[in-house]
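One chain, chain A, appears in both complexes that follow, with chain B as partner in the first and chain C in the second.
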Partner chain A sequence: MKFRQWSPVLGLNQMWAIAVNSFREAVRSRIFYILMAFTVVMVLFSVVMSLLTVGSRSKIVIDLGLTVISFLSVMTAVFVGIGLVYQEVEKKTIYNVLSKPISRARFILGRYLGLMGVLFVNVLAMILLLAGLLLIFGGFTTGIFEAAGFIYLELAIITAIAVFFSSITSPVVSAICTIAFYIVGHTSNALTQLLAPDLSSEFGKGFVTFLYHVLPDLNILNVTDLIAYKIPIAEGFTEKALIYTAAYVVILLTASCMAFRHRDLV
Partner chain B sequence: MRVILITMTNDKEAPAIEIKGLTKSFKGHLSIGRFQALDGVDLVVPGGVIYGFLGPNGAGKTTTLKILTGMLSPDEGRIRIFGEKAYGTAVASRIGFLPEAPYFYEYLTGRELLMFFGRLFGLPRKLLKERASYLLDRVGLTEKAGLQLRKYSKGMLQRIGLAQAMLNDPDLVILDEPMSALDPIGRREVRDVILDMKRDGKTVFFSSHILADAEMICDEVAILVKGKVVEHGSLDVLLERDVHFWDVSVKGWKPPAKLGDAVVVNRKNNVLLRIEREKAVQEVIDMAREAGGQILGVTPHKASLEDLFMERIPEG
Partner chain C sequence: MQRVKTILGLLVIAGLFAVVVPVHRDMRALTKTYPGDYQAYFIPSSGYMKVMSLGYRNFWADLLYLWTLQYYDYYNMKVRYTYLHHTFEVITDLDPKFREAYIMGALFAFINKDWKLLYQMEDKGIEKNPKDYIIPYDAGCYALFSEKNYTRAIHYFRIALRRNPDQPFLKDLLANAYRYRGDLKTSLNYWQEMYKQYKGQDNYKANYYKMAAARHIWKIRNELNEQQIKAALEAYHKKYGRNPQTLADLVGAGFMDAIPQDPAGNPYSYDSWTGKVTCTSQFNIKAAFGQW
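And now, the complex of A and B:
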């Protein structure tokens, strides 16, 4: 039988096949539609809330809408991401895949790309819904698409964290750890600013600073307030956010691949 | 200590599988102690045969197969597949694998599953489409090709599993318990597919504890007990070698009521003695002749695979 000789192109094709399959798996699962439906309900709820509020209605719709989209997309990333590798081992579907001429690293990367594809569709659908509501009720701004981009960057980091934990531990531990990282990621900046000045020892200050640099700072990807209040995003901010995200994702996925490479699939 | 010897050769005449001194242990319950799953397994599977890897549950069959397919790393030992180190991409391209009670992506249809796996082999799209259709037809699933796998019966899942194991037209097909959990019709279908594979010149290495099926189709077998190969070789030779009992038919002789461990069956004109020990056969014949009896026949009954299997498994 004629095979394509192994080449980087075949490697990419294999990764793509895994990604497409992961995408198909997610969009054919009930949990995806439940979370999507819940997001739609919550976005509509934010509109209702704004109608009951005195003040700038569009700001509330944008603020609440983007927060809901971000939070529920993160939940999708966490709850699909934690099972991404573990479930394949648990359900034994992985034996069929990895007995084929594909490396474990390409398998991990393919699974990650598949979930990022799902999240792309998820965020795109929700942001289009929000845009439609803003067009109807007033207050539409193209800034919400920028905000969606930043939400997607945050999802890229959260998904990479979930995949990392999924490749080394069980879904429950993965979920706890990933959510812990998400919470820490949104509070690390504030904690560092609050804690560091009060610490007397140099070691303590150094340790807090070290933790801040090691743990993700997801707040730097949060532009919801800026968009809601129509404050322009500073020059170079987007580039820095892209580099920050790329660095985090590369490190986490490399660690995932290394951890998974020699793992016994019992 | 983890010692894995890897030998890089690419000898076309090399055996399909060569395993030397394979050991594997796992952590015990609650991580206390270690459980020795494989304890120095040696095995040679020649090319072009159907090889049965037999043993009771927990003998280490699936562990061996998982090491062969790269899911587990051995603690020690050497594996070569077609003379090459196991388990790189070059080797994987020549192997088809069906795990035990195969789990597939149940949201895919039968055809989608084959297309997905085919892409992992790097099969060109047009060829893959043809191959998928051919294999669906071969395992009798053409009409069910568009059905999601969650709606497949166990037998159908096993058949689509066999189809995916043949996607790359492999030289070696490794099957883990391919006939377990199937009804007699399903088992027969799987047996037929395995025999077809052999006819196509492939080597089939399969684990099983269904001895009747193995006896019907295997050229060679190995019996694994508690992580060790206790018997191996050509099935014909193994069963030829082990005569289970002899029937001696004598006319005109009335044997004593108790004759060692022989079972005596009195018939109208003769007597039939079923004797287990070879030495006792000659003694009985001599005794009968001395008493004026006429030996009508001595028939050795060879052991079945089940007899051989039960003899090699220590009690308990």
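And now, the complex of A and C:
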């Protein structure tokens, strides 16, 4: 029995079962459909917006489309992710799961993978819609699929942050903290660009630079602007972005597992 | 009873809407009595916008650009141009590659006859888009056709041509700018270059530019010849106090090596009484290009 519990195949099967369950649960949530419907409307609206411009029609459809997909997918990750663990605890359904030979870490990882599956479907559907619009109205570029890949990397980090906060606190606090991280992730470059030059002490400058490197830099994963101008992504950047994202996700999920392991569920 | 309550509820809602709609209409009418120029807008600095855009800089630049197009389309604003520079500065700081923003910003500055701002915006576009030839072309057109500053036009068309050497209309405009500035020889060089570029080709575009080049070459050669003869005539008049009897006298007196013929190969007509030199030939498109 002990052997069965530690088998990696069994562990993967357990995680897969939780992930599939989380996927179904997330797909059934109302917030998911509301945000998805809103994304569809906004992507379609980008075509209407492009009618108001003088020149750059396809650029505006790409900019607006990718921004809406990115932002609303993040909102989906936040609002679905924050309840992933907490609701299980609140509804006490977690006791049924954890009474089986499933570790808390596998539970967290399964939940995370389930949500990532939902977000994959979400981003894929939206990017196909945008691609269809660009094919109809002109300006199609395969770069939008590259941009979608980078949006998904950002979502991987955001979801990990949401899962981390969901495993230690209530949904409202989780939402606030995750959105705060999202804002920090997109504004952290201001630390070195705007704050550091105004600091007189070397220690202050060093600390600000350290903070900049430690905080998740979500902005660096945003390649929408490059795609709109068909500028190729630098060689080696994609690989580094994958490593960067994977490292952050592992850090956050490890922290989530550790926090959840020590959590008193009674 | 339940049905009555529902009907009452619906009546209350309908009654409230009956109040809301006319009140809102009155409020709208009242807002129209405000002075039109109070709606001075505020757009934060580029640095602030870059941070607050949360990385979606192009998106915010697009929104601001679309709004600007609508705003500057409204002519009754007293404050219309007050923030023109700042607005387009922010848009192009957020998205430095936004070519249309530079072009539209320059257009609004042109409507206001603010040449300094116009060239400031175009210069920024040229600097931020080192491969783009449309922005210097746009700036050159303003300088050539509107401001009639030919030196400035030459500056911009040269940049545009350097970025896109195969574009014949840039060569055409540059040659014209040189001609208007009085630099006929440089202008002639550009036309000759264009003629050579399309020589031997037979299609609509090639024939069009060949014909334009041939016509300009003809015209400029004639102007250069006339200039040369006039200069010799002035020198002759200065020395002898009168006009020569014939143009051949200029050669005899050592003011010219030979009397040039017009581009059609005919001699120039000369009136010794007025000292006027005229070309009697005309550029013949049909002779040069057949029935094209």
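As a working rule, the second predicted complex is superposed on the first by the 260 of 266 C-alpha atoms of A that agree within 3 Å, B and C clash if a C-alpha of one lies under 4 Å from a C-alpha of the other, contacts with A are read in each partner's own complex, and residues count from 1 in each chain.
Here is the rule we use: a residue touches a chain if its C-beta (ideal position, glycine included) is under 8 Å from a C-beta of that chain, and two chains touch if they have at least 3 such contacts.
This is a predicted model, so every value here is computed, not measured.
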Room on chain A for both chain B and chain C (clash or fit): fit
Which superposed partner A:24 touches (first chain B, second chain C, both, neither): first
Chain B versus chain C as contact partner of A:96, first or second or both or neither: first
Partner chain(s) touched by A:52 [first = chain B, second = chain C, both, neither]: second
First (chain B), second (chain C), both or neither touched by A:67: second
Touched partner set for A:262, first chain B, second chain C, both or neither: first
First, second, both or neither for A:225, with chain B first and chain C second: second
Chain A as apex of chain B and chain C, Cα-centre angle in degrees (nearest 10): 160
Closest Cα approach, chain C to chain B, once both complexes are overlaid on chain A (Å): 28
In the complex with chain B, residue positions of chain A that touch it: 1-4, 6, 10, 13-14, 17-18, 21, 24-25, 28-29, 91-103, 262, 264-266
In the complex with chain A, residue positions of chain B that touch it: 26, 66, 69-73, 89-90, 92-93, 95, 97, 99, 101-105, 107-108, 112, 116-117, 119-124, 127, 131, 161, 164, 168-169
Sites on chain A touched by chain C in the complex: 49, 52-56, 59-60, 63-64, 67, 70-71, 182-183, 186-187, 190, 194, 218-219, 222, 224-225, 228-229
Residue ranges of chain C in contact with chain A within the complex: 47, 50-52, 54-59, 62, 65-66, 69-70, 95, 97-100, 103-104
